[in-house]
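Input: structures, listed below.
In what comes next, chain A is part of two complexes: it sits with chain B in the first one and with chain C in the second one.
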Partner chain A sequence: MRVRCAVATGLGVAAPNGLGTENYWTATLQSVTGIRPISRFDATVYPVKLAGEVRGFEPAEHLPSRLIPQTDHMTRLALTAAAWALADAGVDPGSLPEYDAGVVTASSCGGFEFGQRELENLWGRAPGHVSAYQSFAWFYAVNTGQISIRHGIRGPSGVLVTDDAGGLDAVGHARRLIRNGTPLVVSGGADSSLCPWGLVAQLPCGMLATGQEPDSGYLPFDERAGGYVPGEGAAIIVLEDADAARRRGARCYGEIAGYAATFDPRPGSGRPSGLRRAIELALADADVTPSEVDVVFADAAGVRELDRVEASAINSVFGPYGVPVTAPKTMTGRLHAAGAALDLAAALLAITNGIIPPTVNVRPAQEYQLNLVTGTPLRARLRTALLIARGYSGFNAAMLVRGVA
Partner chain B sequence: MQKFTLDDLRTIMRACAGEAESIDLEDDILDMSFEELGYDSIALLETAGRIERSTGIAIADNDLTILGTPRALVDLVNSGYSREAVT
Partner chain C sequence: MSRQVVITGIGVVAPGGRDTKAFWEMITAGRTATRRISFFDPHPFRSQIAAECSFDAAAEGLSYQEIRRMDRAAQFCVVAARQALSDSGLEPDALVPHRTGVSIGSAVGATMTLDREYAVVSNGGRTWHVDHRYAVPHLYDAFVPSSFAAEVAWLAGAEGPAAVVSAGCTSGLDAVGHACELIREGTADVMLAGATDAPISPITVACFDAIKATSIRNDDAAHASRPFDRSRDGFVLGEGAAVLVLEELASARRRGARLYASIAGFASRCNAYHMTGLRPDGREMADAIKAALDQSRLNPEDVSYVNAHGSGTKQNDRHETAAFKRALGEKAYQVPVSSIKSMIGHSLGAIGSIEIAASALAIEHNVVPPTANLNERDPECDLDYVPLTARELPVDVVLSVGSGFGGFQSAIVLARQDLKAA
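Presenting the complex of A and B:
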């Protein structure tokens, strides 16, 4: 039987360096960073001073008043990006047959800001002061639920929780649903944990950057690398069965050509990371050879040991300096579940526009032997892009996207 | 206790659940059903929580579900309802 092909037909982006896909893409090509001193709360007593915050987002401008009391900030970003993605795709899922559309999103943190406020009410006042919406607003599955309710989407749906690998894992699962016969799936990721509770919860991993200067806070593949800057955002992608998309005359950004996920062995086992295997499996799934890959969007942890593992995996597949590599997330920080979804949007825009967005601020360390696109964008004929994403505690994901000629 | 009015309820409903786009809460909503007004069970729970905070009257979840309209809810609060009296 013929395997159905999943194509991206709509993008919606709420990123620290741009609200809306066009603003994000323009900022990214102009090397405009969204990393700044934390402004959402007083961070002076915390070791982390920088974050990629989405600026200028007024929920009431984007959402009906019904949805505001019951949603955390990350859900508002997810709902807004989903509405933009569907508008971009020119499709109303509610007008499709009842089970013809699904939602699969990733979120790592859930609604921390909402949760913190309600826990403060619980401990500082009384149980009766806790919002009834706490029952779902904190939950990492809530974005999928709210998107499905708002847009009348009742087909196969789900949620992935794999930290920063989540954006790719969600889209990988969405592709699986399309292959199984669901014509349209709204997918991607959203996360925000830029409140005291959310930030403190991330501190024990020991990988957050503690610098104060936005231009040197997050420097993956650089000798000065000292951790990552946390960020927030949402990137939603409308995926459709290619035939269904063609029938309705949809614009197509590219095909999700291959995907694989692996898990690292336990620390201290002496066995290698599963990242290389994820890349090789994704290439095999797409039936693409390394020489056919035109650009790699790196996970870019910004932690020396993790950068080493990633560079080694890339070089073992492509050879030293064997393929252009970029990390536009140096302009946003790491957005957790939204991060790889945002990279996917960037990769689709890169292929569509024939331009590789840059990695900013980084002076590539020789030891990594990477052909890193730094400083300014690089014009190139792009057909196939590889995305790499890793989540805390061992998640690896790789995805191949291909332009549709 | 001061009388609990429809306007008090409107204020609480807006804070709890906003307004459905097709509904104006300023209209004569006394005898419309909460369902028609677009308030689901969780929105009602949230409403009851805020009523309790402002009036001290705690409405049991089970009783809440059988109140169909703003009029029934306002009347219940003004009747000096107490959970103990019902259960």
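Presenting the complex of A and C:
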């Protein structure tokens, strides 16, 4: 039986350093950072001062007014990115045969700002003040539901929550749906938790950067690494069955050629991290050897111990300095579930344009033995890119994307 | 020959009983566990009823630190997973870590912890700038519900794919469907699959109050969940978890495992209609049912029992009845249909897996649990809903369905393992 092949035909991006795919890509190639002092609320009382906020996003410019009171910021970003991705793909899912399109998204933590407002209404006022939209506006499934409704998408759909690995896990699942016969799936990730409660809820993990300078806040694979800068955003990708895409003459950014997910052993077990295995399984799934991988988009935790594990996994597969590695998320902060989806968009753009976006601000530490692309973008003929994403507690995901000749 | 998936272990934590056996006895006896809420003073709320679990984490063997670290929903699914593993006869040492995965559904994650801890850091909702100095050390585990899958993976020593599946109230069906897919495609040989939710918390009660989705039969809590009854007035919130051990058939047979049932088909659809509303004709649910039966290579005539979503809201029960008629045709009028939510309430994302557990047990025991509190059928709900008392009958094929906020509609088909292929 023919194995259906999933290709990306549309991209939609709402990132801290660029609203819209073109703005994001231009900013990324020019090393323009979206990491700045937190402006959404007064963060002076908190140990974390920096964030990757999506700036200049006016919901009313992008969404019908009826959707605004019922959506968290995260969902507004997701809906906007989804509409852009579908426009970019040049397809209206509502015009496809019934059940021929699906939606699979990931969110790590749901709509926190909406949730905080309603918790305040509950505790600070009375139960009767809680919004009628609270029953769905904050929850993890809301982006899939809202995208489905807005675009008339009625086929197999889903929602995955695997912390920061979610962006790849969602797309990996979307590819599975395509293989099982759904011709088009809108996929990706969205997250925003840049409100006081969202920040306070993630502080205890001890991995947030406490620096004040945007240029030195988030420094993965650097001796100065001191945690991650939280960010927000959405990256949505339209995936299609390759034959269907070809038939309608769609532009194709690349193929989702391989994917795998693993989970790390229980802490203290003495067993090795599952990241290397995830990478090897994704390469095997794509039938690609390490020497055929042209660039790696790293998870780049910015936490020394996690950077060490990731570098070790990369080097065990590719050898020390064996492959160009980059982390454009140094310009956005970590967008949780949206982060890996944004990396996927960046990797597809890199392949399409023959250019590796840089890692900014980082002075690569010797110990990691990585060939990190820093400073300026690197022109290169790219056939393949490997993406790595890791989530809190031990989620590992790896994906191999391949250019379409 | 494609790989088939079988259920070889069942673990349930549900209102009214602390394990699978107690759960099955309760729902086949037609007893209800819906009561006035005891976790907090429900007086300021419109709906004051819920089905609470009598659950003692320490007695279930969780350590002090596990109890501190885990939200109640995480505790539920870890305890259910332990039960399921023990029931399956698989020792943790017998599991191959790389080939073992985890798929846990949850609609609302660690809502209880987040609600409680918000109240502390905001000092009762007094300040937008909540005070981080009052945050508990493991708050990130509540911030991301993916921690539930992590806890189950650590319990089982699973190092294959792990994920939380969160599709609102179909999470429990979708998490099991996802796990089946991973086994079928060869990514894993064993999956711990199920779902958990512990939503009986002020914010959840308030948010369903706001849309009048929950029952206000506050003076008659034990009979408040009344699916398909003319006098039903909304669902009753519940809590709990069910986790199943799913295995690839050939390897389960090799080790001589007890095979409760095979999971023959799963499908999901979206209604693209409304975040909380349902299209009256049930067409998307009907299509999910047809697709799941097709995948199972079974016909409507083969279905012995339908485990309904049966939430007890006005619109759901009519929607679902329409979907059954549309998908099953004449058979819809003959097949027994029941809702165990009448007894254990609606535990949001968890209930789908609890209902799959009930469906597998129905096959195991050839008994169909009843719909409690069904005294007078809604004239628009004109099927056989097995009122009040359980029914003994040969149960070979069970269809279980779910419907969730976001427009999700899912259907799963369980079949007796030795059932001849159609």
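Everything below uses one rule, namely that the second predicted complex is superposed on the first by the 405 of 405 C-alpha atoms of A that agree within 3 Å, B and C clash if a C-alpha of one lies under 4 Å from a C-alpha of the other, contacts with A are read in each partner's own complex, and residues count from 1 in each chain.
Here is the rule we go by: a contact is a pair of C-beta atoms (placed from the backbone, for glycine too) under 8 Å apart; a residue touches a chain by one contact, two chains touch by 3 or more.
Model, not experiment: these values are computed from the prediction.
Chemist: Would you mind checking whether chain B and chain C clash or fit side by side on chain A after the superposition?
Modeler: fit
Chemist: One more residue to check, A:R154. First (chain B), second (chain C), both or neither?
Modeler: In the superposed model, A:R154 contacts chain C only, not chain B.
Chemist: For A:S135, decide between first (touching chain B), second (touching chain C), both and neither.
Modeler: both
Chemist: Tell me which partner touches more residues of chain A in the superposed arrangement, chain B or chain C.
Modeler: Here the partner covering more residues of chain A is C.
Chemist: Touch check for A:Q116: first (chain B), second (chain C), both, or neither?
Modeler: second
Chemist: Applying the touch criterion given at the start, work out whether A:E255 contacts chain B, chain C, both or neither, answering first, second, both or neither.
Modeler: A:E255 contacts neither chain B nor chain C.
Chemist: Which partner does A:S65 contact after superposing on A: first (chain B), second (chain C), both, neither?
Modeler: first
Chemist: If we overlay the two complexes on their shared chain A, which of chain B and chain C does A:S393 touch? Say first, second, both or neither.
Modeler: Second partner only.
Chemist: Mind computing the angle chain B to chain A to chain C from the CA centres, in steps of 10 degrees?
Modeler: 60
Chemist: Once you lay one complex on the other using chain A, what is the shortest C-alpha distance from chain B to chain C, in Å?
Modeler: Superposition on chain A places chain B and chain C at a least C-alpha distance of 5 Å.
Chemist: Looking at chain A, which of its residues have contacts with both chain B and chain C?
Modeler: Dual-contact residues (chain A): 70, 128, 130-132, 135-136.
Chemist: Name, in rising order, each residue of chain A that touches chain C in their complex.
Modeler: Of all residues in chain A, those touching chain C are 41-42, 45-47, 70, 94, 98-99, 102-103, 108-110, 115-116, 118-128, 130-132, 134-136, 139-142, 144-146, 148-149, 151-163, 166, 169, 173, 176, 180, 193, 196-205, 260-267, 269, 271, 274, 277, 391-395.
Chemist: So in the complex, which bits of chain B are touching chain A?
Modeler: Residue list for chain B touching chain A: 14-21, 38, 42-43, 45-46, 49, 52-53, 58.
Chemist: For the complex, which residues does chain A have touching chain B?
Modeler: That would be residues 64-70, 128-133, 135-136 of chain A.
Chemist: In their shared complex, at which residues does chain C touch chain A?
Modeler: 44-46, 97-98, 101-102, 106-109, 114-115, 117-119, 121-122, 124-126, 128-132, 135-147, 149-150, 153-154, 157-168, 171, 174, 178, 181, 185, 187, 202-203, 205-211, 213, 267-276, 284, 287, 404-408
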